[in-house]
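Contents: one structure, followed by commentary.
Order as written gives the chain letters A, B, C and D; numbering starts at 1 within each chain.
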Amino acid sequence: MADIVAAGGRAVSVVADATSEADIVALFDQAGGDLELAIYNAGNNTPGKIIDMEAGYFEQSWRVVCFGGFLFGREAVRRMVPKGVGTLLFTGASASLRGRSGFGAFNSAKAGLRTLAQAMAKEYASDGIHVGHVVVDGAIGGEKIRKRFPDAASREDRLISIDGIVDSFVFLHKQPRRAWSFELDVRTSHENW
Amino acid sequence: MADIVAAGGRAVSVVADATSEADIVALFDQAGGDLELAIYNAGNNTPGKIIDMEAGYFEQSWRVVCFGGFLFGREAVRRMVPKGVGTLLFTGASASLRGRSGFGAFNSAKAGLRTLAQAMAKEYASDGIHVGHVVVDGAIGGEKIRKRFPDAASREDRLISIDGIVDSFVFLHKQPRRAWSFELDVRTSHENW
Amino acid sequence: MADIVAAGGRAVSVVADATSEADIVALFDQAGGDLELAIYNAGNNTPGKIIDMEAGYFEQSWRVVCFGGFLFGREAVRRMVPKGVGTLLFTGASASLRGRSGFGAFNSAKAGLRTLAQAMAKEYASDGIHVGHVVVDGAIGGEKIRKRFPDAASREDRLISIDGIVDSFVFLHKQPRRAWSFELDVRTSHENW
Amino acid sequence: MADIVAAGGRAVSVVADATSEADIVALFDQAGGDLELAIYNAGNNTPGKIIDMEAGYFEQSWRVVCFGGFLFGREAVRRMVPKGVGTLLFTGASASLRGRSGFGAFNSAKAGLRTLAQAMAKEYASDGIHVGHVVVDGAIGGEKIRKRFPDAASREDRLISIDGIVDSFVFLHKQPRRAWSFELDVRTSHENW
């Protein structure tokens, strides 16, 4: 899922194919000219041991998590730089920071996305573009997880609040040019990190 | 400087001797029972090459930056844990993250403070205490710097906004228990990092 | 370039197409059954700003630096795990650790490789496979650079010694199972880091 | 424990009071003029929750682990810089890198030592002094642990080899100026990191 918010707070939430250049371009064209905020949030976890892994599986993990982020980020700055303003945010995970047995494909793709975001933050700061990265450390609460785990409600306090994540995006977006953050982490008070 | 905010937003800003246990205890006693938020912000930069450095200079840098943070943090959690709520924030710098020639004393003290804060974040999360660390990467704008550098106004956009830093403290303080951040960085769009 | 060293110190140095699964498999088949040490060293720097970058360029950077490393690492552990012994090393760069303006594609691919290596180090340690990552921080001395820069000899002390890098590979390979390193950095005394 | 190796490989192993400036100076004076290699290895783990901790305990942890390292490192570079050669190594731990509940004092002191070492590495590289940091991640095998845990022999493979740690010091010491490492980690293949 990738979110784009145009001027006036109108949100365009899209389940485009994040790995298709044409789809990403179309997504931005549809968002229109007053693009303020773009959030790249694509990528499901892709577990698996490397020794057994098909090359196509490793590649697909990268396509959704990292390559899609490149396409999304590039299209965002192409539209934001001429106006000299805009916020581009990427969603990370604890997997972005440290490799872990059984998560090599996801680790690799997420670390690749994070370091791309860091390079872009430095590359477009002088153009007035604020690039940030939010490390979501843990499982996220919400409809989907409640359907999958009927007992999710009883352990709701162990699931990261979606509203809390959205607040962190809003906080980053509202920061003035004299106080930009590149990165923040978000987790519940129950997380063991 | 260390800030304490009691219930109802009443702020107690204090220039106590951060290295004196008695002063820190008195500071918290004065703040009263409804302590919500405590921010440790002490410590001036202490440049100097190690080869020429007096042991007392190295020690004093640690006393103000790190030991004072320990005293402050301990007194804060002693008052917050029984109530099961509270926010404890520490101010870091780029020096907290990487050693640099000419800044060994400051680097050492700031890195010591950051890792203490991280241990405390994990130690008191289950007690409902939110511990955070704000990495202020660059010089801060304000009255003091305007007096020291008469041309500071002309390069104001290269100085981190105090309001922006305060916003980051407020953001961390307002986060719900299901979406806590431990760390965020703050810098101007002009910073070369 | 990828190096494979079979039993008895016989080295197989190969300029295979690191992005071709068939080539990588053939490379390992050719090395034979007594594979002791495999070093993945592929990938030239790929500079460029993201805003101007073709999707194919970004992808090709990842293919050589990271995807090739996955194929190489997978084929290595497939042959080493059944024997319960072997060393698998990856070559990193300062770009593996931090994003930098103008190097987003390379940063992303190198960080992806590093975190993959870290996941593999944890995944195959209990199988007796030592996975390591050498962060080469700076330009490397040698024939190639002497041809490109006729004055390279005069600044030889600013170029990392190839022998020094090889020594670090040998050091990692010889470590006993009770004292394995995952990562070390290598740079000249002139490097500004 | 701090080790000093003078010319010709003559080792001076000393259990000086690492927190006493006079003792450290005397230690180096005793080692004589041909100092090649100095290793700072002092500091036992100091567990404890911050909320219950005496200020003196926190300070003593810092004195042994970090302040002693400053004194030791300063005296080493004072003797090495005039000769333009020498190796100065510090022993770290996983605690140097990440804060952990119950280890705030040790975390703070070890992180302070590591960042001091990094600053010194950059400060004295151009003087020909190689400063390094070895992250020992886990319990170390040897006489002491065998006395404390009679069954230690049966789990010897879970204890880091002292010889392996010494090998890493020797490796760093022998590196040429065109291929210096600042940091490497050492752990057994059984470590869960």
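The working rule: a residue touches a chain if its C-beta (ideal position, glycine included) is under 8 Å from a C-beta of that chain, and two chains touch if they have at least 3 such contacts.
These numbers come from a predicted model, not from an experiment.
Asker: Taking each chain's centre as the mean of its Cα atoms, which chain lies farthest from chain D?
Answerer: A
Asker: Residue numbers at the chain C-chain D interface: does the shared fraction exceed half, giving same, or fall under half, giving different?
Answerer: Mostly the same residues.
Asker: Per the centroid of Cα atoms for each chain, what is the distance between chain A and chain B, given in Å?
Answerer: Their C-alpha centroids are separated by 29 Å.
Asker: Let me have the rounded angstrom distance from the C-alpha centre of chain B over to the C-alpha centre of chain C, please.
Answerer: Chain centroid spacing, chain B to chain C, equals 40 Å.
Asker: Can you pull out the residues of chain A that are in contact with at least two other chains?
Answerer: In chain A, the residues touching two or more other chains are 122.
Asker: Got a list of which chains touch which?
Answerer: A-B, A-C, B-D, C-D
Asker: Which of the residues in chain C come into contact with chain D in the complex?
Answerer: Against chain D, the touching part of chain C is residues 122, 125-126, 128, 130, 141, 156-157, 159-161, 163-165, 167-168, 171, 175-193.
Asker: Would you tell me which residues of chain B are touching chain D in their complex?
Answerer: 21, 49-51, 53, 55, 58-59, 62, 66-67, 70-71, 73-74, 77-78, 81, 98-105, 107-124
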